[in-house]
Structures are given as C-alpha cells and as structure tokens.
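So, here come the structures, one by one.
Two complexes, one shared chain (subunit A), two partners (subunit B, subunit C).
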Partner chain A sequence: MNLAQRFYLREVLSGLGLTAGHFFRNMGRHIAHSLGRRDARGAVTIQYPEERRPLAPRLRSLHRLVRREDGSPRCVACMMCETVCPARCIYIVADEHPNPEIEKVPSRFDIDLGKCVFCGYCVEACPEDAIRMDTGILEFSSFSRGGMIYTKEALLALEPAGPDGRPASPVPIPADRRP
Partner chain B sequence: MIADLGIAFGRVVFVMMFVLNLGGLLTWVERKQSAIMQDRIGANRASILGLRLFGLFHPLADAIKMLTKEDFRPARADRFLFGLAPFVSVFFALVAFASIPFGDVLHVSGREIPLQAVTLNVGVLYVFAMLSLGVYGVMMAGWSSGNNFALLGGQRAAALMISAEIAIGASIIGVIMVYGSLDLQSIARAQGELLWGWIPKWGILTQPLAFVLFLTAGIASTKRIPFDTPEGESEIIGYFVEYSGMKFGMFAMADFLETVVVAGMTTALFLGGWQVPYLVAAGFHFPWGATLALPPLVVTLLQVGSFITKVVVMIFFLMLIRWTLPRFRYDQAMRLGWLGLFPLSIANIVLTGLVLLATRPA
Partner chain C sequence: MPKLTIDGKEIEVAPGTNLIEAARQLGIEIPHYCYHPGLSIAGQCRLCMVDIEKAPRPTIACNTQAADGMVVATQTERVKETQRSIMEFHLINHPLDCPVCDQAGECWLQIYYMKYGLYDPRMVDEKVHKPKAVPLGPHVMLDAERCILCSRCVRFCDEITGTGELGIFHRGDQSEIGLFPGRDLENKYSGNVVDICPVGALTDRDFRFQVRVWYLDTAKSICPGCARGCNIDVHVNRRRPHHAGGKRVARLKPRFNAEVNKWWLCDEGRYGYGFVDDASRVTTPVWRSEPVPWDTAIAEVTRALGRHAPDAVGVVASPKMPNEDLMAVRRLAEALGTRQVGFKVPPRTPGDQDDLLIRADKNPNTRAAELIGLDGDVAGILTAARSGRIKALWVFGHDLFDSAWLESDVTLALGALETLIFTGTNAGRTSALAHLVLPATAWVERDGTFTNWEGRVQRFRPAVEPLGEALPEWDIVGRVLGMLGHAASATRAEHWFVDLAANVEAFRGMTYQSIGETGRMTQ
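Our next item is the complex of A and B:
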C-alpha cells in the first residue's frame, strides 16, 4: 500500500461516494416512481408473491396429464415414464379401456412430488404426449409427505400455462389439506 | 417552584423521547438505507390492517418479537451481573445525551429556559464519561456470560474502547482550546461567531483534523462496523452471544443510542450545534447587510429544527459509513487507534496551540 492508501481517508471517501451515489440515485428513482413515473425502478427486487419473474417457456413446472376430447386421459398406461423415472416417483395401475381401439387406461396415476427431481424424462419418454410439465405452477407444498402425492384426478384437471407463462389453473390442493 | 419543576421535567422528557425514538427509528433507517444503497427494497412486510408505511412497523414488530422471546440465562452465568449488563449498557448510552444543547436559552415570561436536559459546565467531559462507562456493560456481559467467546468479545470491546476514548479525548482538546469552554452550550454559542465577517465559525472549519479524528474514534466507540470487532455476531462471536430476547435487543439498542449520541456530539462540537448560519437572537443578520427580524419563538424553533436536521444528517452519514466499509481486523483497529488517531490528535493540539498563539490579539 502506498501512503495515500495507508491513510485510508481517500479510499474511504471514494467508497462512500460510490455507496452514496447508489443511495441518491435509487432514492430519486423511488421518488419518481411514487410520483407517477411507473417505469422508474429504484430496486432490482421482485416483490415475490405479488410480482413474479417471467418464466422461460421451456421451464419444467408441475406435471399435468393431457386429456382426450372426452376428458379421459390420453395416457395408455404403457409404463414408459414409470420405467424411465430416475426418482421412481410415478406409480401407475393399468386398466382396460372401454373403447376397444385403445389398449389401456391408467386407473391410478400418482406422482410423488416429494421424490420428483423434475428431470423431465417422463415427458421425453411418453409415446402418447400424455404427460407434460408446462403448467407454470411452482408453488406446491404440503405439511406432510402424503400431501405431496398428486393423483390422476388432480393432474388431469390442470391446464397449460398461459402465453405470459402464468399458471392457468389454480394450484391443486393436496388431499390432506382439503377442507 | 412547580413551574420550574415542570420545565425541568419537560426538558428531560424532550431529550429522552428524542433519543429513544430516534434510536428505535434507527433500526428502520438501518434496514431501509442499506437496502436503497444496495439496490434493494428492504423490510416492508409488517403491516397493521394492510397499512405498511414503508416498513415503519418493523421496529414495532421487532420489539414485540424480542419481548415475547424466551429470556435465557446460561447455567454458569453470574446471575446478577448477567441481568445487569444490558441495563448498564443502555442506561449510559441514554443519559449521555443529557448535556447536549438542542437550542439557545429560551426566554419565556421572564424565565430563562436553557434548551438542554441538564445544564453542566463540564458537559463535554460528562458526555465522554457516560460513553466510556457504557463499556462496563459490555465487559460485564462478556465476563458474566460464563462463555469464553463472550469473554474474548468483552475484552476486545474494552481494548477498542480504551484506544478510541483516548483519541476522542485528545481530539476534542483542540475544539475546547478554540472555543475556550467545556460547556457544550457555550461551545455551540461560540460557533455562531463569524470568521472574517462572513464564515460561521463552526468546529468543522476551525478544527477539520479534529473532526475526522473525532468521527473515526466516535464510530469506534459505538462498536459498529467498521469497528465491530467486539460484536461481529455472524462470524467472530461477540460479548452478547449468550443473550436472548429483549436483553439482546437492549445491546443492539445501546449501539443505536450511541450512534445518536455520537451524531449529537459531532453536531454540537463541529457542526455548530443549534446554530443556523447568520441567525442571531433577533433574526437573520446576513453579512451583506440585509436583516430579517423574527420573533424569538420562531428563532428557537429554527434552532431546534436545525439541530435535529444536523443530527439526522450526521446519522445518515454514520449509517453510510457502516454500510460501506468492511470491518477492521482487531490489530488494524488497535494500530489505527494508538498509532494513527492518538498521535494525530496530539499533533492537532500542538498545531492549534501554535495557531492560537500566532493569532492571539496582542
């Protein structure tokens, strides 16, 4: 360190100038914002529950089961996703489909989201395009492990996210939290 | 008699409320100011009936949280001293403000009301005595916790305090020499004089070196960053590790109160106290000859407002330092105190003496 630096004072003052500059610049923007300039932002913070970050279109969010025209699942219970799942969080029970042209239908399709690692392999593996991860729903939580298991009915009811990336359907309430 | 008592009470209550409320508000200022400095928003979620007021309810929420927390006392702690320490810490920080004047003498119906809580002719020494006594609370806390880390923190606090206090004491001697008094009220009054007829004779102009030294040592005596080696709660463990609930809160509050006291002291000694430039008892007397007569009450209000503004600006500056500089290592702080501030203060005394001697009216 040279003498000027050992005196601290000059360095301290330049540091104070930097932080004070940030303070007054941001303060000015805050004031401009409250005076009506909506584009002036004094902080980079996103006020989370009210404001949300834009989600990337390829983001893997909560799964949904794609429906046929009649509302039944497109899934044919081929067990591909259950087989490929590295976390082994998918549980399928196959059943006969009433329509003879369709081989099978899942009578149960449970995803344990407590185990799921959101790798998206199930979506890749599915030959029928029956499972997707495009709901945009990120806030699913539960007070118990059982509540993290989402059943076929809950997954079938979900809609894909809107064009702005926002969820189009409400977060499904786990079975153990239903009133 | 009753009126005198009431006036004395009013003065004390005013100062007490000023310091306490400002100290409480500082928890909010600290959060918000640091947030704005760092491009953040800061605490804004505490609300009463949906009203948020820029997070102004957070100090309230903090107080409720701390008061309702468990008041834990370690089994090996000294029962009496452990309980006493936070009170000592807060008490001395609180009473230190008493002799700092917040306005000139107010004349109301033949009475003279000095606008300071206590009129002392050794006000400067009193404030520093109280500030120094505050370290006893810290040392007590460190020793009585029965925790070696707390003890080490207390020792760091004591070492830092001694090295800072000496520099504080030595740095203000220049101010005392210039204004010729230990009474803060007469120092503040003397700063209203004009140098060469147009510059207010504030301490920062007559004693610029002492101002820097005093401010540095003053920050050290508040035990806040960059001199927070006694505390350093996140990594080096300070004297109040064993404290919880409101006792912990009182230590935190003592730091804020000391910040207010240091800001008040800097204002009184270096920023002209309650002086407004060119404002005398009868109104404004500008150096270019213009005058503006004001009623005495307006003058007093202007003076009190000026004092409060200066203190607030000073607190802003102290907060700016706190959120800008990194912490000094222990040995760096010691070196700065003993080999930096102290010799410079002595040099300042000698320099001031020489200048006073040279400019002495024959």
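Our next item is the complex of A and C:
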C-alpha cells in the first residue's frame, strides 16, 4: 500500500462520499416522485417484494415434481437424482405401481432444501423429465431444519413460473408453520 | 493336455476345456450370455465369437474345445464387428427401461453394450411388447420384454434342480420364457435363476425396488442356514438408511466355492437373514427387565455363576455360534469347573435334506461344537434344573421352547432356576423368562469361522456394524472370564481361533490366513 492508502482518512471520505451520493440521489428522486413526476422511478433500490428483479429463464428455483395427466407423479423412483445429488438431499422410497407398464413409483420423495445446493444435477439426471426447477419460487424459509424438508405432495402441487418469471404457485408452507 | 495360443499367449489346459474357460485362465475375457460353467452348453447367444486360425468364419468359444496347436484370436476386427452386430440383435426388442429395472447397475447388457456394442441403433420399428412384472413363483418376477432368451434359467431348472418348470414358448421374436401350465417356480433353489439371469428379465421379489444395487456394499460370508456352509456374499445397504425400510442386509448372493456349493444357494438360506434387522433384536443388556450398562451385566453374570457349586451351573451353547465363541464357552466351563455343558436341542420338526445342498441339520456349526467337546446332555441339564440340582443356567442363542421338548417341561425347568441368563440376537420365549439378557451380534456383524458338516472350516467377515450395544459371544464370555480372574486377553475373534488351533486336535495348525477364501478341512 502507498502512503495515501495507508493514511486511511482519504478512503473513509471516498466511501462516505459514495454513500452520501446515493442518499441524495434517492432523496431527490423521491421528492420529484411525490411532487407528481410519476414517470420518475422513486429510487434506484428495487422495492422488494412488490417489485422484483427480472429472473433469467434458466435460473434454478424451487424444485417441482411433474405430474402425469391423471395427477400422479411422472417419477419412476429410479434414484438417478438421488444418486447424482452431491448434497445427498433427496430421499426416495420406491414402490410397486399397479400398472406393469409404469412398474415403479415413489411412495416417498422428499427434498431437504436445507441441504440442497441448487446445482440442478437432479433435473439433468432425470430420464423421465419428472423433476424441474422452474417454479420461480426463491423465498422459502422455516423456523426448523425439519421444516425445510419438502414432501412429494408439496412438490407435486407446484406449477411452473409464468412467462414473466413470476411464480404461479404460492410458496409452500413448511410443516412447522402450518396452523 | 492340449496346448493352444490365445491372442499370442500360450497355455496348456485340461482336455475338454472350452475356449471361454481357457481364455479366462489367461485373464482374457470372452463376452457371453448363455454360457454358464455350471450348466450345459446351449450356444444361444452367439456373443462369444472368436477367430480360430484356418477356420473360415468366427466360431463360438463356448462350444469349441481347446485342441492342441489351436491359434485363437479374440481381438480381430472381424470378431469385434461380429460382437457389435450380435449386441445390436440382442437389444432390438429390449426395452429402454433401465431406470425402473432392478438389474440396472449389474446388467450384462449394460456392461457389454459399453464394452462391445456402442453402435448406432438402426431399429426404426416398434419394439415387440411382452408381459411385464409377472410373478413366476414366491421369489421370482419375470419381465418377458427384457429377456434375451439365453435359456440359462430353463437349463437350471432342467439340469440342476430337475424340476423343469420353465420353458421357451412361441417362435421368433415372439418367443418368451414362461411356466409350463399348472406349474409355479417354487423349487427350493428358485432364487438361483435370478443370479444367473444376465439381464433384468428375472428379478428377486424380495429385493425388488428395495435398494439400487450401486448403494450396496458387500462382504464375504458363510450362510448360517444349515450345516452345508454355502459361501455367500452379504450385500448390505449402509449408505441409504431410508431405503428398504431401514433393513441393513439387503440380500444374500452365492459365492463360488467348487468344494461346497459351486455357484448355488438354496432359497431357505438366501431369504433366511430376516432376523438380523428384525424388531425382535436385543440391543442392550437387560437385568431384571431394566436396561443396564455392560459392566453391570457382566458383574451380575459373574456373581450369579460364582455363587454356586461348579455342577450347579449349566451352560447350553449353540451350534449357531462360530468356532471362536464355542472355544470361549469351553474355557468358561473349564473355569467354572462345571460338566453341565451341552448344545444339542432337538428341533420341533426334523429338517429336510436333499442331495444338492440342503442338510437336515439347520445349524452351521454342529461339527465344531462336537469337536470342541461341548456335546453334553441338554435334556439332562433341564431335568437337573427342574429338580433343583442346577441353580444357574446360561443359554446361548436357543429358544428352548422352539424345540421337540414339551413346553410344560421347559417352563418347569426354567422356572425352577435361581438365575437364567440368555445371550442371543433376538428376543423369544426363553429370553422373556431370563433374569439377564445379553445382546449378541448377528453373524453379519462380526468376524468368525464355521465348521461345516464335512469339517471344512470357513471364514466369514463383518458386513455391518453391530446393532445397538450387541457384542460377539466370545467377547461376552471373555469379559466374564476376566471377572472370574482368568487371563482373558482376547480382543479379537482371531485370538480365540489361535487358542482353538493350539488346543483342539482337529483344528491344529490352522490360522485365518491358511483357511483362505475356500476353507480348510479339519483333521
């Protein structure tokens, strides 16, 4: 570091300047906005959650299980996703399907989102296109670790995000927050 | 002895050896589906093609006996092209349902496609559809679509069991494996057709959809189901505890031993492991219905045994216990000075026997218990208990109610005891009456050796961790011996085997190393 950097005060002032610059710019815009300039954006800040940053179509969001026409899961419990999952957060238990052409069906399909790293390998590995990460849902939380485990029923109920990237399904309520 | 050359390497083989076996001896793999060393030669799959010098076209290796001066090539372009074409033929009507197929991961179509196939498929027509998920018997499920008609299962039922339930029906691409009318695949060896099926056509109903095979670990072991001592591999699921309902032992598979079971295993042995993960397992020492730490339990055992005159203490060992543990029991009896030691409890129903594998004696280690000298009169011990001459009894493994004896006699005998100690894997009616219950490990949870009916000493290895606080019987007995003031330095089963090999004539000179993979005969 040179002397000017080591002097410290200069860097502090430049940082304060940046913050203050944003503050006054936002304040000016807010005043203009409230004085009737409706076309002026209120602030450079995105007003989450009313306002949302546009999501890239390839973004990996909360998983969902794809349904067949009759509403049963498309998943055949082949364990490819469970096998490839680097976080080991998928728990599948296989069962016999009454139709021998389908043969195999998951009786349990849990994803522990507390462990998931959102790598998308499960989607990649699935030979049946039965799991996708296109719900657009990014906000899921829980007060306990157990609440982060999403079951087959919860994952089957989810819909893909709309064309604007907005989630079409409500955020699933974790088990520990259900009334 | 014919001397031939395969891929430039010379080898001399026994007369009558075919080219697949000759190449195997050189470490050269010739792919095959229908050939099995334990069955007759069918020549159905045509995959084992090799080039033989002066022969006009590739020849099947399975049905060609090695001849003197033969020059065989397995890697020529012509052979590779033939193998590729035959793989394409086999897979024409094979469904691409590997994800739901239980064989995936140990399927020879998958393995050989990656090694010898890798062609671009030219099949454009609809595949032929056949019945799926058809139960053939209590243990075997058929998927006719996946079958490549190698006929191994048909030959097994014709040649090995002689029951002949299976056949190939219809013609051409409509051919399928099936049962003869009115038959069920319910012979005592039906599980073997699953092992020899190279594809996913025959799968195990017991194992079906329980665990994917790539999650399994394996350990070499010995079947404890009867006195034959068939060599097996224990497949355990330790990586995915939520699969198979938490059962750790997923399946037993036969392991080749030319002297004992060859390639086979009976169904009773194959499906006889259920007790290992059963809810009735004892997992913690219990003293007067209260769980106690091991130290307390051992102290109580020592107190109960030491309180009485030597011959007021009885020990009933079990022929299901390994050699090491039986030796420990003998040392215990010597330390206590009691002669009231026995192990033979007559079964309620006499065991069945055949001339293939199954032995009437359903215990894996009766021979060793006799050789080690534990063969006393158990009925006499019970009579002595009833008349009060025996005050403390230590029962290993047996449920004495599950025997040919009258229930009332056993109840009276056990009821008259001052102390009944039970050591075993699972709770039963004897353990319910016991004052002390000491949990023992199942055979898959520990190291040890069994001596089969012929006197062949064979080693088994641990496949899973002991359940709960269970200990091997040699360890329990060793701790009691230590409390009784005897130098019990054994910290491994092998130490007891050293004692056994040094002091029992039949086992003299044996070590775990000299037993090896195929076992060693007692003298």
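FYI, the second predicted complex is superposed on the first by the 139 of 179 C-alpha atoms of A that agree within 3 Å, B and C clash if a C-alpha of one lies under 4 Å from a C-alpha of the other, contacts with A are read in each partner's own complex, and residues count from 1 in each chain.
Please note the rule applied: contacts are C-beta pairs under 8 Å (C-beta built on N, C-alpha and C of every residue); 3 or more make two chains touch, one makes a residue touch a chain.
All values reported here derive from a predicted model rather than from experimental measurement.
*Asks:* If you stack the two complexes on chain A, which partner ends up touching A:E101: first (subunit B), second (subunit C), both, or neither?
*Replies:* second
*Asks:* Using the superposition on chain A described above, determine whether A:T83 touches subunit B (first), subunit C (second), both, or neither.
*Replies:* A:T83 contacts subunit C only, not subunit B.
*Asks:* Output check: A:N2 vs subunit B and subunit C. Expected answer is one of first, second, both, neither. What do you get?
*Replies:* Once the two structures are laid over each other on A, A:N2 reaches no partner at all.
*Asks:* On the A-aligned overlay, A:Q47 touches which partner chain: subunit B = first, subunit C = second, or both, or neither?
*Replies:* After superposing on A, A:Q47 lies in contact with subunit B but is clear of subunit C.
*Asks:* Taking the superposition as given, does A:G15 touch the first partner, subunit B, the second, subunit C, both, or neither?
*Replies:* In the superposition, A:G15 contacts subunit B only.
*Asks:* Looking at A:N26 after the superposition, I want to know if it touches subunit B, subunit C, both of them or none. Which is it: first, second, both, neither?
*Replies:* The first partner, subunit B, only.
*Asks:* Within the complex, which stretch of subunit B touches subunit A?
*Replies:* Against subunit A, the touching part of subunit B is residues 33, 35-41, 212, 320-321, 323-325, 336.
*Asks:* What does subunit A use to touch subunit B in their complex?
*Replies:* On the subunit A side, the touching residues are 8-9, 12, 15-16, 18-20, 22-23, 26-27, 30, 42-45, 47.
*Asks:* How about subunit C: which of its residues touch subunit A in the complex?
*Replies:* These residues of subunit C touch subunit A: 97-100, 104, 131-134, 208-210, 212, 214-215, 240, 242-243.
*Asks:* Can you name the residues of subunit A that touch subunit C in the complex?
*Replies:* 76-80, 82-83, 91, 93-96, 100-104, 108, 127-128
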